Structures are given as C-alpha cells and as structure tokens.
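Structure in structure tokens, see below.
When the chains are written out, they are named A, B and C in that same order, and each has its own residue count from 1.
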Amino acid sequence: MQITAEALCQLLNGTLEGDARAVVDSVAKIEEGHSHSLSFLANPKYEEFLYTTESGIVLVSKDFKPSKPVRTTLVRVDDPYVAFTAILSEYVAQINNKSGIEEPSFIGENSEVGEGIYLGAFAYIGKNCRIGKNVKIYPNCVIGDNVEIGDNTILYPNVTVYLHCKIGANCILHSGVVVGSDGFGFAPQTDGSYAKIPQTGNVVIEDEVEIGANTCLDRATMGSTIVRKGAKLDNLVQIAHNVEVGENTVIAGATAVAGSTKLGKNMVVGGQVGIAGHIQLADGTKIAAQSGILSTIKEPGKNMMGSPAFEFKQYFKSQAVFRNLPELDKRVHDLQQELDALKVAMNENK
Amino acid sequence: MQITAEALCQLLNGTLEGDARAVVDSVAKIEEGHSHSLSFLANPKYEEFLYTTESGIVLVSKDFKPSKPVRTTLVRVDDPYVAFTAILSEYVAQINNKSGIEEPSFIGENSEVGEGIYLGAFAYIGKNCRIGKNVKIYPNCVIGDNVEIGDNTILYPNVTVYLHCKIGANCILHSGVVVGSDGFGFAPQTDGSYAKIPQTGNVVIEDEVEIGANTCLDRATMGSTIVRKGAKLDNLVQIAHNVEVGENTVIAGATAVAGSTKLGKNMVVGGQVGIAGHIQLADGTKIAAQSGILSTIKEPGKNMMGSPAFEFKQYFKSQAVFRNLPELDKRVHDLQQELDALKVAMNENK
Amino acid sequence: MQITAEALCQLLNGTLEGDARAVVDSVAKIEEGHSHSLSFLANPKYEEFLYTTESGIVLVSKDFKPSKPVRTTLVRVDDPYVAFTAILSEYVAQINNKSGIEEPSFIGENSEVGEGIYLGAFAYIGKNCRIGKNVKIYPNCVIGDNVEIGDNTILYPNVTVYLHCKIGANCILHSGVVVGSDGFGFAPQTDGSYAKIPQTGNVVIEDEVEIGANTCLDRATMGSTIVRKGAKLDNLVQIAHNVEVGENTVIAGATAVAGSTKLGKNMVVGGQVGIAGHIQLADGTKIAAQSGILSTIKEPGKNMMGSPAFEFKQYFKSQAVFRNLPELDKRVHDLQQELDALKVAMNENK
C-alpha cells in the first residue's frame, strides 16, 4: 500500500500541513516510524514524540496545537485513532484480498459456494455444504459434510470444521482451529475400561465471532455447542461439549471451559482460566487469569479470582496475608509463649 | 437416518405402544425433542417430560408404568439408555461411513494400506508404512515414514504422525493431534545457548485409545513415549517425551505431563493439571483440575488437589481458612492487644 | 543406520575392546538395550548396568576402568555422552534426509526457493516468498505471501506461517505451529460489542529457534512480535502480540505470555506459567511451573513461584504454613479461650 499525504487527506476528509507529495507505505507507532511510515497522535502523553518522529506522515486531531516546531507532514482529522484504525483495516483488507479457486482443491457433491469465494489450494469441502458469499477458505482447510458457513467469513490455513457444524457471517477462524471434534464423553465399564458415548450434536458459531489459533470447540453430545454473536476467543482455548458462550463474551488464551457450562453475555475471561462443567455464569462476570471457577454465579458483574475463585478484592486480601503466613505463624507462636509466661506470673502473684 | 417406530422395535427387540409408522430422523433430549426426534427415558427424575415431550418416539423401560396419559409413541426395551446409545453409535457410524481413496492423495514407496481404507484428498502417507484394515485417514493428515496404524483406527483431518510411531487398533485421533514431535531436550552450553539433544525414540499408542483435538505427544529421547490401551486424552493435552500413560487412564483438557513421568492405570486427571517430570503416580490416582503434582505418589487411589497438590480433603480445609485469612490475621492482632492490656492490668494489680 | 564397532571407532576416533564386527542399528539406554543397540556410559551411577547390559556396543570414557568382567564390545572415546549425541544427531539427520519437490505442491508468483529444498506434497508457498537453502517444508505446511525463511530451517507437517513473517536460519518448527495469527485486540463499543483492531505487524523469529507442536505466536498490532536467537519454546505455548522473547530463553509447555511483554535473555520458564501483559522480566529470571507473573521484575536471576508469584523460597515457606492452616486456625482459637479464662481468673483474683 502506497499513498500520498494528499490522497490520505481526501480519503479521511482531513486537512494538510506539510508536503502534499509525502508518501507512506507502512504504519508504525509514532516513536518507531521511518520516513515512509504513517503514524498517529491521539494521547497527549505521546506528544513529545511528534517533534522527533521519523514518520513521514502523522495523523493529528483538527484542534491539536503543537508546542514546538514540527518537521513531519501532518494530516488533521476529527479523531486520529479512528482514522488510523480505518486506514489499518483497509491495509489489512488489501493484503488479504484473495479470491478465486486455486487448484488442486476439493469440493464434494452437492456443495455450493457463493460468489467472490477464495478457496486455497489443497482446501477440502465435503458434501452438501452451503458456503456463503465472499468467504475465504485458505489452503489446507478441511470442511466436513453438511457444513454451513455465512457470508464474508474467513478460515485461515489448516482450520478443520467437522460435519454438520454451522458458522455464521463475518467470522474469523485462525489457523489450527478445530470446530466439532467429539466431546469427551465416556461411560465407565465394570472392567475399568470406558465405552465411548456417541457425540451426535454439532457446533453452532453465530455471526461476528473471532476464534484464535489452535482453539478447539467440541460438538455436543446431543444438540449444539454454541458460541453466540460477537464473542471473541483467543488462542488455545478449550470449549467442551454442550457449552454455550454468551454474546460479546471475550475469552483470553489457554482458558478451558468444561462440558455443559453456560457463560453469560459480556463476560471477560482472563487467560488460563478453568471453568467447571454444568454451571452457569451470570452476564458480565469477570474472571482473573489462572482462576478456577467451580460453581454457578448468579449475580451479574462479579469479579472473581483464585483457584478455587472467590470475589476479587477478598482474594487479594487473603493473598496478602498468605505472603506473610510465616510471620503470622510466628506471631501466634510468640503469643502462646507470652500467654504461658503470663500464666506463670499470675500463679506467682497469687 | 430415517427410521419408523416399527423398524426400531425390530432393531432393538422392543415392544411398541402407539403409531408404528411414526418416523424419526434425529435424536434429542426428551425435553428438547421435535416431532421427528427419538428420545429416551431412563432416569425417573425426567418422567414429567414424557407427558409433555414433542419427541415422536421415546424409548422406555419394559416395566415402566406411566402415571399420566402419554401422547408420543413408546418403544419398550430392556435398558433405554443402552438401546439409545446403540442407536446413536449406529447413527454416528453411518454419517462417518467414508471409504475409498480420494484424489489427489499421496502414498509413499513400500507403504501398504489395508482393505476398506478411507484416504481423504490431500492426505499424505510416507514410505514403508503399514496401515491396517478399515482405517480412516481424513483429508490433510500427514503420516511420516515407517509408521504403523492398526485396524479400524480413525485419524480426523489435519492429524500429523511423525516417522517411526505406532498407533494401535480402534483408536480415534481428533483433528490437529501431533504424534511424535521432538521431545523438549536441550543441553545448556557454557555460552548460555542450548544444544539440541537428538530425539531418536518414537511414540507408541496402544489399542482403543482416543486423543482429543490439538493434543501433542512428543517422541522419546530414546525408547518410546507410551499411551496404554484404553486411555482417553482430551483436547490440548501435552504429553512430553518418555512419558507413559497407564491403561484406561483418563486425562481432561489442557493438562500437561512433563518428561519421563509414569501415570498408573485407571487414573482420572482433571483439566489444566500440571504433572512434574521423572515421577510415578500410582494406579487410580485422582487429580482435581488445575492441580500441580510435584512428586511421586506410591499409594493407589489417592485424591489430590492444589498446586502444589496434597490430599483433597486436607486441601479443602486449608482453602476454607485461606478464604478467611484476613479475619484470622485480625483475630491474632486483637489477641495481641488483649494480651498487652492484660499485662498492663496485671502490673497495676501488683 | 547400521554400523560396525570398527566403523564407529574410526568415526569417533576411539579405541576398541571386543568384537570389531559387532553391528548396531539402533540406540538405547544402557539398561534397556538389545544385541543390536548402541549405548553409552558416562555417569558412574549407571556403571553396574555395564556388566549386565544386552547392548552390543557401549561407548565409555578412555580412562574408564571396569571393576567387573565386561561381555559387550566397548568403544573408548574422550567424552562418551558427547560422542553418543553426535551419533544420534547423525542418525536423526539421516532418517529425516528429505529433499526435492513432491507433487502436487504450490509455489506462488515471484517466490524463490533455495537449493537443496524439500517441499512436501500439498505444501503451499504464497507469493513473493524468499526461502533459503536446504530448507525442509513438510507436507501440508502453508506459507503466506511475502514470508522469508532462512537456510536449513525445518517446518514439520501442518505448520502455518501467515503473510509477512520472517523466520531465521537453523530453526525447527514442529507440527501445528501457527506463526502470525492476529493478535487478540478488540476495542469495546458502547453497545457491548467489540470492534476488531487491525493487526498489521508481523512475527520475527531469529536463528536457532525451536518451537514445539501446536504453539501459537500472534503477529504484532504494529511492528513485530519477536523471538530472539536461540530461544526454545515447547508445545502448546501461547505468545501474544508484540511480545519479545529474549535470546536463549527456554519456555516449557502450555505457558502463555500476554501482549507486549518482554522476556529477558536466558530465562527458564516452567510449564503452564501465565505472564501478564505489558511487563518486563529481567535476564535470567526463573519461573516455576503454573506460576502467574503479574508485574515487572527488574532484578536479574530471581526465582519466582506461585500465582500471583513471589520469591521461590518465601513462597515455599508460605505454602508450608498453608498446608497447616486448619491447625493454625485452631491454635488461635485455643489461645483466645486460654486468654478469656485468664481474664476471668484475674477478675476473681482482684
């Protein structure tokens, strides 16, 4: 992507101060830019960098008043951060702007793909699938039979979607994601072995969901494992069978949710959290990294921490005493000695 | 799968009450069924749902006596849960009933595949492999040189098996599983860098083992990393080099076992557990989720919890006090003050 | 690999005691060998095994003096462990000695591959890539556009490298590794949904880095996520956007590092560790397994443990008291009772 300051001004409906012919071809933080970098200044904390930046063009607010001489070209816009993000989104869309069907690839009987599709080489689509418009299926993805994928969804390389699963529109699945592997269900037998409980359900991912690399979502035993609209899952997350992840809930990396648990809306779950099976967590619950949630939370918006977790502030107080436990232990020991001495003294006083 | 009540009766050796021509094409919990769903009633706790269910056919016990009028069609069998599971297994077998060799796929020199094989497009088999009968290797799996795979084993898409590894019969490996990557072994050098210790062993997976999505099993430095018969590993589990997982041991998601550790038989390991290297855990050891096991456990059947873990009941007692540590701290502080006051009083009394 | 004792002697510049024609074709620990195994004896602790070993040839030190009769063939070398490792490395290099371009594979426009390349079937290289000499790209790997890979680097099957990432020379990436997936960045909107923050940076992996199976490294929001020379990452590790992993730092399995954190050089990070975002850890920091690091560590070489972590020795002392918390609680309760009794006694004494 190459763009002049002048073209940027037009694109962003901005005003120019400096060299209209300045050209940028990449983006950078204001303190890390080079002569062909585009940067932005939104937070006044970073203002000092404006006067020393190497970046060729910097987006600033329309009402920003520099306190020192500026050498770089400025483009003034209403909201520099929003404008910068729009440019980034456009840049990302351009570099990922793939379309067409590369060969060899595989499309099974009765499967339909919408217009504008990108199907990478060595990608595989099973039978009876319905793939929407402008879907991107990168190389080496495997889509099982009877799968549905909504418009504009992107599957990066090496994603697997098992049969009968449904993925909404405008979703992003990163490499290595597995959707629809069997739930972990086994019935113990009298000889100590386990019989597999057939996992006949599927996974349903609603619209606007993003799922990070190597994250796994198991199919339901019966019915569906569900990820609601707008939820965002980071890398290496484990979602067990029959779990439901609520709308706009965010789950950080390496977290694991056990079977049949329902996460509410707008939750924020930290990394490496473990959540037990068959419980419900209320909307807006926040869980600190590495916590373990063992039971249902009914009250919305609670902050939880610890393993097993309890309320965040309480946990920090307990943790503070934990750090000083050897000292507490010694105080108790000393108290006992003082008390014993007192008893002796009292007896002598009698 | 479409089946009539009459055909179900014959299949399950059951008796019919209701419409012999009722047709079902899917399965559902009794409380979630639709007119074409098959459900079952085994647990008396769910009996109320029988009188309101939408499910077209419900399997019930031969001696079940309804306490209210039943509208749906009943098929009476000896054990409704067992019969239902048999139907589910048949259903799953049917929808996964793939066979034949899809093109393009790759089979290296001197490799033999048994009859009834399914080899998906873009699947790769190296040289000198021995693949048993009725094995299913889904698209985009990669099997290295000199690998052996037993009869009826299923490798879902995007599984990797490195060279020289052995997988038994009737195993299931879910998508993204990696078998035989190098163990994590490096020798520190005097300049602070590390020299790779060659990992020349392999991984041996015995019969009837199921391995969840994106789980990793490293090859041994020398000898074999072993997963014994009937063991079940969930998603995103890490098995390091030279580990041995005992027969019928079950390991939940995101657990990691460090190198050269031996897990006994019939263990139950919760999710996100960490197990240190070079230790042995006795048969039947149970480990609560998120626990950390640092040392050998010789006595069979113990319940462990915590990080570092100790005996489950003890841990819960310590944890209960932990939650109230600020209050305990205050009690000790108050005791000190009372004691000090008492000393003053005593001195005044003298 | 088949080799005689005589050939081994020449190769290792050693001296022979026993049967010059003894042949070995595999390697084993001295206590586990068979007649065709090569073993070594370096640690005197294992000397007893020398007199009972089945191994056909054993490497021993030049100055080793057996205290009992030896039946196996000995090859005397300067350093048996170093010699044995050299043999192992040679063996591993031989069994992985692949080259050439298998068909079908995919190389995009303007991409160049160096001489001696191995490109497995169904491997995919995008546009404008620069792939060095003797690089091995196993089947089903996917390399995005504009990627650079240095000489002698190995990508095992099913590795994904997103566009614009750079991988150095002599690196090893194990199966399922994902390099360059989007960082987990979302801006909360007033309606509770999240807007994706474009991730326009890349991942830079320097020389001599090894990365374990199914490990994920996210691309930077802007700039680069960096793994410095000689770092070693185990399986299932999560490296978030804009993280920097220092030179020769070792990270064990299932550890997760949150965004923008900088790990120093020569760190040793245990398994399942969580490290918070936007912090810096000093060179040589050691972190025990399952610990959680919440804040910057400035002093080099500290040992940390716990979640949240503090200094290792201190942690163990607190943990020791934790195990006895119920008893401490009871002591405080008893003290209170004794004190109360004392007060009553004092009042009576007045």
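Rule of thumb we're sticking to: contacts are C-beta pairs under 8 Å (C-beta built on N, C-alpha and C of every residue); 3 or more make two chains touch, one makes a residue touch a chain.
Remember, predicted model here, so these are calculated numbers, not experimental data.
Simply put, chain A must spin 120° to overlay its Cα atoms on chain C, rounded in steps of 5.
Where chain A touches chain B, under half of the residue numbers in use are shared by the two copies, so each contributes mostly different positions.
Chain A and chain B have Cα centroids lying 25 Å from one another.
Taken residue by residue, chain A touches two or more other chains at 104, 122, 140, 158, 176, 214, 236, 254, 272, 307, 322, 328, 332, 335, 339, 342, 346, 349, whereas all remaining positions touch fewer. Chain C makes touch with chain B in their complex at residues 27-29, 32, 85, 88-89, 91-92, 95-96, 102, 104, 120-122, 138-140, 156-158, 172, 174-176, 208, 210, 212-214, 230, 232, 234-236, 247-248, 250, 252-254, 265-266, 271-272, 289-290, 307, 319, 322-326, 328-329, 332, 335-336, 339, 342-343, 346, 349-350. Listing the residues of chain C that touch chain A in their complex gives 104, 106, 122, 124, 140, 142, 144-145, 158, 160, 162-164, 176, 178, 181-182, 184, 186-187, 192-200, 214, 216, 218, 222-223, 236, 238, 240, 254, 256, 258, 272, 274, 276, 292, 307-308, 310, 314, 317-318, 320-322, 328, 331-332, 335, 338-339, 342, 345-346, 349.
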